[in-house]
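Comments concern the structure below.
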Amino acid sequence: MSSLVSWILVGVGQALVIIGIFCDLAASIMMLRLPNFFARLHALTVGSVGGAFIPLIGAALIAAGCDFLGPYRWFMAGGAVVTAIIEYVLAGAGTHAIARAVYRAKAAPLKPIVADKLAEDRGGEER
Amino acid sequence: MDTEFVRVAYMIVVLSMYVNIGVSLYAALAKPNLVKKIIALTILGDSVNTFIILVGYRFWRPGVFLQPPVLTNLRPTSEVIRQFLEKAVDPIPQALVLTAIVINLAVTVFLATVALHMYRHFGTVNMDVVGRLKRYEVRKEMA
Amino acid sequence: MRSGRRWLRCVAPAIMAFVVYIVYTGAARLYDITTGAIAAVAVGALMGTLVVADWRKSLSIRRLGWLALYTLKYFFVHEVRAHAEMIRKCLGPKMDISPSIVRVPIRSRTGFGVTMVSIAITNTPGTVVVDLDEEKGVLYVHWLFTKTLVDSEAYREVAEDFDRYAQRVFE
Amino acid sequence: MLRDVAFAVTLVVFIVLLAVATGLGGLGPLPPPRLRPLAVNVLNTTYNPYYAARNFTADAPEAVTAVVWDYRGLDTVFETAVFYGAIIGALALYREVSKRVEESRPRGLSTIVKVSTAVMVVAIAAVGVSTAMHGQLTPGGGFQAGSIIAVAPVVLLVVFSKSFLEKAGVRYAKMVALRSAALVGIGLAALAVAIAAGAMGCWGYVLQNQPKPDAPLGYPPRALDVPSGGSLMVFNVLEMLAVAAGFTVVFLVLSTSEKLAKEEVVGEEHGY
Amino acid sequence: MMAVDIVMGLLAASALISVIATVLAVQARDLLKAVIFSALQSVAYTLMYFMLMAPDIVLVYAAVAVGIYPLILILLIKKVGRYEV
Amino acid sequence: MNLATWVTDFIVFSMPFYFAAFALYIARAIKGPTVPDMVLAVDALSYDLAAFLVLLGILFRAPIMIPCAIVLVLWVYALDIYMAKYFEAGEIGE
């Protein structure tokens, strides 16, 4: 019975890890393909949520299902969940922080862009 | 078990540690900028530490997963401890490096403060310029 | 009175620290619970005033329920949709991206509410919060697939769901 | 130009010489086929309830922490003192600057970063304390926990500002006092068994952890229901405080604004 | 047994990455880029320490080399200027 | 089928994809025309490396190696913050 539960946990976890791998590859290709810094920010989002948060949850489920890891597998599962939550919040905050700083310091080109309402409100010059 | 591949990979790792040590030594000696020197020194320290840990690694045996030197069974029998000895890596280089990293950090902090003071006195951290400035000062005092 | 309120403000961070401690430890032996309680009290006492502004909100069960519901909906609907759109459009043969920075006026005003909405927007691929104006309550969002430049429609597209739940959770 | 060529040639010769020495077996067979005898002894005795090994055991399943604070504990105590000395040396260059409190209006980063950092600091602190408290059971210990906990003030310093931290009570003098107190605590914990043994009229060693055949005193081997590693637990907690306070004070001093520092440095130069 | 090959291959790969990052960090004129390359080298070393079964070292090293060295260096660079002349 | 071999095989087969992703990230980190691009690449690399380290811990049967992942995530966030502060503020401690 418990082995069935283990298999289900491992299966769900593996599905999540596969999603994570797919997002990871997509993010890395986008990181190379997209034209400028502000577009690459979105690739980082795909990499940090789809490519790290989801496989971390999946890895936690796999670890919880793997009996052969011994009693410390709960340490691993709990640690992976905490890592995932911390990673989720900190990745969002970090992405926003660096986007704002780079926009203000004009450290990376903004073009091509359709419209820039922030520059309009700030009354800044066209970039 | 492909021992030839293992040997080659291990040699690659050792060689790249040597290259890192050499390159960072070169930068610490030849680059004039103090900040670059500090960066090179941190890389030098880390490479040496990695090399020490590498020496404490051990050969994989078939069917045995190496473990960190932490006993996970809190009620060990003598059989458990024997298996632990089969699997665990050498803890002593790790313990040495643990303190070495913190010492490296302390040295780096000290160097950073010294570099900052140097910048405040001379207005630059380029050692070539600092040397020229000091020569100029000395010549002015001699005259 | 004042000291009592200060004490209550430390409760929620202490509970959070305790939960993180136990989950991270992954075991509930007597030793873990004892040291966890001591550590939680210490951490809560040190950080309480930094994190919590109003203790009544921080201890409300109803708000936590909304947060859980919101989390589920967010991950199963919004994230999936946004990832699919991003991957479809950016890995296609020709990238049809049309980036712009749009105004998104939101209704949440508290620090936590704004933060939750912003992180939800940022962590949805396709939209990143670049800047915010706290007095007017406007987020400036870098939007990779611009559908509209009008403020109210952009709000409906980008932030409406997050904003509604954030108001329920934090206000 | 000539200098660069000379450096390049020296570099290549250096690397080739080291590689040849290693290839000829200067470090023995790499990777080593079996553990060295010293490591076997350490791993065998680090947590061993059987009588023959009990005389050497540290009663901690974590071999690295056991080596750091028990098998070569004296070395680590001196190392902590060296770290302390380096920090004091760095502070000595700033002796005037460090007393002054920054008056400038704090700006920091945006509200979003501030709030999420403030929430996460709680989690970071919990994780750090857990790492220290379980340092004798799972990977972790004083240095590790200290460097994890140091994330909290460092990130707060960067995200909020220096003056925010100072208003919140993280002051230079307080941190130095905490650091010194932790160092004194480490010294006392190292001497505790010897002092107690002296008071009770039996034999005792400095940095003694578990009872030895000729020295019957020692730290308790178990804390509640897990092995405590004896003195390792005490050392871990104190070292965590020491490392965290040390990092914090270093960054408080290093991030002094240039204006304030310039005033002091130039003032020194001109004698007022 | 595939695990040994994987471990050794990963070790060799991360060692090569660290060599690339070191060389780039040393030759970069922009000191900020040098800091980031040294962070990349630190991440490679972190992976190496993980493969070498040294979790304690990873805990200290990641904190020191990814978190504290960059802060010291960025503080310095902010004060002394970004470009190495 | 044995659970242990199944999980091991799964992780072993997932590795090449991770390596490919890491290689592309490193290419961006080396190429990156501006400094923020390089920061982004190192960030993404480290977040994914954290997930990969957890999987490696399962592969090695070493569950006690999980704290490595959490520490990596925490400190890479710190790197982000430093860079943001460098670009945004006049002084780091401001």
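Labels for the chains are A, B, C, D, E and F, by order of writing; each one numbers its residues from 1.
Definition applied: a contact is a pair of C-beta atoms (placed from the backbone, for glycine too) under 8 Å apart; a residue touches a chain by one contact, two chains touch by 3 or more.
Note that the structure is predicted; figures quoted are calculated from it, not measured.
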**Item:** Neighbouring chains common to chain E and chain F, by label
**Value:** B, D
**Request:** Going chain by chain, each one touching the next, work out the least steps from chain B to chain F.
**Result:** 1
**Request:** Look at the interfaces D-E and A-F and say which one is made up of more C-beta pairs in contact.
**Result:** A-F
**Item:** Distance-maximising chain from chain C - centres being C-alpha averages
**Value:** B
**Prompt:** How big is the gap, in whole Å, between where the Cα atoms of chain A centre and where those of chain D centre?
**Reply:** 32
**Request:** Indicate the whole-number Å distance between the mean C-alpha point of chain A and the mean C-alpha point of chain C.
**Result:** 15
**Fill in**
Here the gap between chain B and chain C, centre to centre from mean Cα coordinates and rounded to Å, is 39
**Prompt:** Mind pulling the chain E residues that touch 2 or more other chains?
**Reply:** 3, 53, 55-56, 59-60, 63-64, 67-68, 71-72, 75, 77, 79
**Prompt:** Can you list the residues of chain A that touch 2 or more other chains?
**Reply:** 29, 41, 43, 48, 70-73, 75-76, 79, 82, 86, 89-97, 100-101, 104
**Complete:** Among all residues of chain C, those touching at least two other chains are 20, 24-25, 118-119, 129, 131
**Fill in**
Interface with chain A, chain F side, in the complex: residues 3-4, 6-7, 10, 14, 17-18, 20-22, 24-25, 27-28, 34-37, 39-41, 43-44, 47-48, 50-51, 54-55, 57-58, 61, 63-64, 66-67, 69-70, 73-74, 76-77, 80-81, 83-88
**Request:** Within their complex, state which residues of chain C touch chain D.
**Result:** 13, 16-18, 20-21, 24-25, 29-32, 34-36, 39-40, 42-44, 46-47, 50-51, 111-112, 114-115, 118-119, 129, 131-132, 134
**Item:** Residues on chain E engaged by chain F in the complex (per definition of touch)
**Value:** 2-3, 6, 13, 17, 20, 24, 30, 32-33, 36-37, 39-40, 43, 46-47, 50-51, 53, 55, 58-59, 62-63, 66-67, 70-71, 74-75, 77-78
**Fill in**
In the complex, chain F touches chain D at residues 64-65, 67-68, 70-71, 74-75, 77-78, 81-82, 84-85, 88-89, 91-94
**Request:** Can you check the complex and tell me which residues of chain E touch chain B?
**Result:** 1, 3-5, 7-9, 11-12, 15-16, 18-19, 22-23, 25-26, 31, 34-35, 38, 41-42, 45, 48-49, 52-57, 60-61, 64-65, 68-69, 72-73, 75-77, 79-81, 84-85
